[in-house]
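For clarity, chains are labelled A, B, C and D in written order, and residue numbers in each chain start from 1.
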Amino acid sequence: QGTLACEPGETYVMNVMVSSHPYWVPVYQGFRQAAAAFGCETIFSGTPDYDITRQIASFEQDMVRSPAGVLLHPMQADPFIEPINRAIESGTEIVTFAADSPDSNRTAYITSDNLAEARFAAEEIVSQIGDSAEYAVLENPGQSNHDLRVTALISYMEEHYPNMQLVGRQATNQDSNAAYRATASIVQANPNLGAIWIPEAGSAEGAVAAILEAEADVLIMHADVTPATLEHIRAGNIHMALNPNQGMQGFMGFLAVFMAAHSDVFDPFNDYQSSGFNPMQIPYVDNGFAVITQENADSFDLNTYMEGRDTD
Amino acid sequence: MSDNLILQISGVSKSFGPIHALKSVDFDLRKGEIHALAGENGAGKSTLMNIIDGILQPDSGEILLDGTAVKITSPTRAQQLGIGFVHQEIALCPDISVAENIFMSATNVSKSLFMDFKALHKKAADVLGQLCDIDPAVKVRDLSISSQQLVEIAKALTLDCRVLILDEPTAALTEKEAQILFGIMRKLADRGISIIYISHRMVEIFDNCDRVTVFRDGQNITTRNVAEIGPGDVVNAMVGRVLGTLYPEKQAEGDRSDDVLLKVKNLSDGSRFHDVSFQLERGCILGIAGLIGSGRSEIVKGICRLEGAVTGEVWLNGQQLATQDYQQSIDAGVVYLSEDRKGDGVFLDMPITVNISALKVEQVASKLGVINRDKEEGQATALAKKLNLKYGRLSDPVSSLSGGNQQKVAIAKMLSVNPKLIFLDEPTRGVDVGAKVEIHKILRDLAQSGVGIVVISSELPELIGLCDRVMVVREGRISGEVSGADITEENVMRLASVTDAAIA
Amino acid sequence: MSANISTQPAASGQGSASLLARLLHMRETGLIAIIFVLFVVMTFASPYFLTWVNMRAMVMAFAVEGIVVIGMTILLISGGIDLSVGSVTALAMVVAGWLFLAGVDPWVASGIAIAACTGIGAIMGYFVTRVGLHHFIVSLAIMVIARGICLLATGGRPLGLFTLPPEFKFIGQGSIGPIPLVIIIFIVAVVAFDLMLRKTTVFRKVFYTGSNERAAAYSGIRTKKVVFLTTTLCSALCGVAGIIYMARFGSAQPTFGLGMELNVIAAAVIGGASLNGGTGTIFGAILGVVLLSVVSSSLALLDVSVYWQDIIRGSILLAAVSIDHYLHKRRR
Amino acid sequence: MSANISTQPAASGQGSASLLARLLHMRETGLIAIIFVLFVVMTFASPYFLTWVNMRAMVMAFAVEGIVVIGMTILLISGGIDLSVGSVTALAMVVAGWLFLAGVDPWVASGIAIAACTGIGAIMGYFVTRVGLHHFIVSLAIMVIARGICLLATGGRPLGLFTLPPEFKFIGQGSIGPIPLVIIIFIVAVVAFDLMLRKTTVFRKVFYTGSNERAAAYSGIRTKKVVFLTTTLCSALCGVAGIIYMARFGSAQPTFGLGMELNVIAAAVIGGASLNGGTGTIFGAILGVVLLSVVSSSLALLDVSVYWQDIIRGSILLAAVSIDHYLHKRRR
């Protein structure tokens, strides 16, 4: 009591969907590093599938172990309201990350600011190719953060640079071959294309191949990063990538859920204590993003980073 | 004699679960002989042949080829040993041309890398030419069952074999094709090829074979030279009792009724048959004869609304049938027994009971449509008994029955709905003599009780023995009708043939 | 094959003495044994496995999908297959959700959504029975089209339906006593369809059609109608499942059910349905779902590395089908 | 079906005069006509469509997948099906990439990877022919397992293979004259397999086996061996495709090829392969890939809204198969 440390066996879970996706790897590293500092145990859980029913089942199964808290990436907002609230009632604190369930009673939400990424990308594009040029986007309809990165960029352009013309918008769903096909067609149809914005790295791999083959002078920018796109950044084929600070996301995520579980150390100047709220409410934490360019690319090799670290 | 034995089987047994299909069977085959194999349905004939061809493995016993014991592990091995087999059930590749089907085995062992389609078609045309005129380029899928059977035979004739097995090859053939086949068999035998010939038709056995072996209940009852034995003896040995007359008594002249049960007027389908008109009186059994492909099946299917659009009128018991599809025909009491047992007649994977009730499941169900298992089983038991079906359990799939017994299941299905009018297309195809007598008797009894019976058969003696009148179809038109004492092979064949010269 | 048809008549009327013999002969016995072994192993491996909460979570994870499995099994028996189940389920959510947000009463909206799914099934049935195309290719095209409609109607974003009235949400979230209504609906549907499939003349015709379509036609069965109806029924059940999902999650997701078809078909096949038609049981198919679901849940509960989970899941699937096949073959 | 088989011999020897008649009778004529109409429409709709660069990009987009389509078509003809093609292709990339990063020579690594894929095909063949399971369920399990191995080997992270030697990357990125090597490999493979399938005795057995396995077995064909080999061949070709993809993209993605199976099967079926075995041609299947690919590229070129694309693609798929079916049925 009164100190911020875990009891023996006190466990925190990080629950995600498509759990084999490499995006989670550095997030979980951050989560573990923070947990280790407080002497806590961690479990990585979730479902390998892109399936909400399964993720809810795995989340409910996490509850069987009565963990102190869960850092959750809810695949959808509303379906998780009821499970989250039930978990909190039974004594497990919940914090969301990268995707939110705002109408639930989760105490905090940690995320990258997709709008800020999109704004940054827009400004960068304009600064490189001017404010009256043609640009295109690839997208992945149905995945909210990817959607946001695209729609925010488009509306930012419309608002601030009305002379920027959106000439291509294709769904490629993280499939590099589909991205190859779509980009090749866009480049054909628009010889004056100046830039292309891609909300994830899988499609970027295909897009860069198409642009290199067409020998077109198109500025490529994308979010997230893979070893292949990293190499293209090094080689100058891709102008720049914006990568969310995944480690910070996990680290801050742990802190938020850990503090929620240890809220007894804190008595803030408000009514939370008397009205039964957890006092560690944080509406929103921005974990920030990194800009990857030719110069700093070496720091973003995930395989290098993971060397000697536990993958589990 | 024994030194020129090519194949010796000794003590071969085979069981399928509780059924002992073969019980320590001995059998031998001489060089250059045509050896007939007779026996009731389910006696084990096909099982033994399947063992000789390596499709099945015996539980015990020995096979000697040229005096040395061999293990025939697969059809491939059998082929290498010079054994050829025409199966009781047609086994052809429907998506492949006739020519390729005929030379499938040859292609299989061929050393050459590429196919020579040109030569293949020429060779196929040669082989087929002896039998009939089928275009080697068409796909087997587009052939009628009888034509498929001819392809199956042609296929066997191309095999470079020493032992040729023919398992009921003539079941769906007319006299004409059968005679051609026997001519070819004779030539092969003269060249030293040994033939095992399975048939339920006594005439064929006694006209064409050298020796005959009779099976009963999985045992070899007797093997004799054809010259030393008569058809009656074979039949007796087969069924284990003395059969009386082969065909039931026909309708007496005086009993002829004027009460018309079925009347067909100007039926046409625009392509395969034209302007067909005939009638059937109560108590009379009508036969339909014709050559392969003459359109007999099509006419009957047209009446039952089984295929395509037809024009013309059909009257049953004085009322015009307004049926639009076969379901309505069944409701009106008109049913059709298909000539293609495996394709159209039975559900091979389904139990016997379920097959028999298929025509009208509602019969064995409550008003709400809930099937009553006891009723369903009762129906099957009764019909199985009536048709003397040989089976293990009623819940066994039909595929476990012998060919003839599968046919009986198909007939039982027809009888299950107490029809008013039955069209039977090759009803006794593959059925043994004893069962044939029973089926004929049942048909006659049904006719007497007022059910209309129309029989299509490629076996002329059957039409002659069973029917009161025979209608002959030629190229999709009715070419004539014979009745009473005029029903003779000559009269029927004359009407059936395209020109008189064709039968000469 | 279709052992519930072939063995029950043999055993019926011999009273309860033969119950054991009958059980041993049932097509599903092998599968039940495999699941039982899994349960025993898991109970020892994890103290959390045999808890009420875990069991409930496990059943909730497959209950709604189980309704789709019913439709798929019947369709498989009739000789068809449907790859569009995932998209059509999503479509039901999206259509009902969209109508609700447009002001339509949620019950009416659900009715319209289910009708729309049924209509899609009828379109597939048309292409299969009238045009003469294969189920596989038709349902593949419909899968793509239905997904497209979902995206078009929502702009790719999930519809938040938190304002659904509580009595509607009760379908998906309510409980009767300790048992969630979803599970009750599931059990009722399974029992009803299992009985109908085994006992009624209408569904018997589905078996005939799938076993040998031509022989069925020659038995006076309107086989095209049968196939048309089973195709339509499968889509209609997807519609029902979609509505239940919507009530459960309080949202409509255009990307829901991606890859569901393979899971559903695998369940039916594990449960003894043949991809060539003519055989299958609802009970078996549900055991198939249970097996797949228990395996997934167990792997999660045992905290097995994600990277191993797929390998283990695939291997268990293969092993289960092989064992079942072996037991079934030997018994015959 | 596969009319170029049945009609060619019939027509052969009649010289070039009958070439037109022969073309009109070919199974693939309908499909060619559909593609031709699409080309004409697109040429008017977009000035960029009929350019060399666009054509090259379109072919590049399907060339590698086309190699998988060859394997799938042969497998379908023999009566099988393979859902694991996507995972097995990814596995080839991952295994070769992993070995390369571990210091193995890239050519040797590729050989090992292709051998591994062939081995996986052999395992599937074993379960299908020896154990007696259905292709669908076996390949579904293998699809999951192979994906699991990909994840395990990479920790879920793509492997960056930028350091591959240029002569290796040449496979995927080089050109001979103006024509990319990938396209040359693809065309050679198509022509070779098309000829072999139509003309050689070995591949004719594949047709016999698929058309009626029992009849083929009675003719002495070792049908199990045939099915085993076609299953193995399909996986081996996936291996080859995986290596080419690796050389082309310079990376190995463990999640590559998700959903590829449906695309590949659809292409083969559009091209006339029957899901019941016995019919199909490589040429037709490739036309199927071309059709699907041209539609996708055209939609992108015309900048059709994302939300409409799925609907249009699905509808064109359905229409193409229906038209082709209708033309083919009428001609018979």
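Observations
We take it that contacts are C-beta pairs under 8 Å (C-beta built on N, C-alpha and C of every residue); 3 or more make two chains touch, one makes a residue touch a chain.
Fair warning: this is a prediction, and the values are worked out from it, not measured in the lab.
Pairs A-D and B-D differ in how many C-beta pairs touch across them, and the larger number is found at A-D. Inter-chain spacing, taken between the CA centroids of chain A and chain D, is 35 Å. Separating the centre of chain B from that of chain D, both taken as means of CA atoms, is a distance of 44 Å. Chain centres here are Cα means. That of chain A falls 34 Å from that of chain C. Each chain gets one centre point, the mean of its Cα atoms, and the points for chain A and chain B are 72 Å apart. Looking at chain D, residues 151, 155-156, 274, 306-307, 309 sit in touch with two or more other chains. Residues of chain A found to touch two or more other chains are 20, 141, 311. Under the stated contact rule, the graph of chain-to-chain touches falls outside the line, ring, star and complete shapes. Remark: the chains found to touch one another pair up as A-C, A-D, B-C, B-D, C-D.
Chain C makes touch with chain A in their complex at residues 48, 51, 53-54, 56-58, 60-61, 64-65, 151, 155-158, 160-162, 173, 245, 248-251, 253-260, 296-297, 300-301, 303, 305-307, 309-310. Taken in their complex, chain D has these residues touching chain C: 83, 127, 131-134, 136-138, 140-145, 147-149, 151-152, 155-156, 262, 265-266, 269-270, 274-275, 306-315, 317-318, 321-322, 325-326, 329. Chain B makes touch with chain C in their complex at residues 306, 325-327, 329-330, 336, 338, 343-351, 353-354, 358-362, 365, 368-371, 373-374, 376-377, 393-397, 413. Of all the residues in chain C, the ones that touch chain B in their complex are 1-2, 5-10, 12-13, 199-202, 204-205, 207-208, 211-212, 214-222, 278-279. Residues 53, 55, 74-76, 78-79, 85, 87, 91-97, 99-101, 104-105, 107-110, 112-115, 117-118, 120-121, 137-139, 155 of chain B are the ones that touch chain D when the two sit in their complex.
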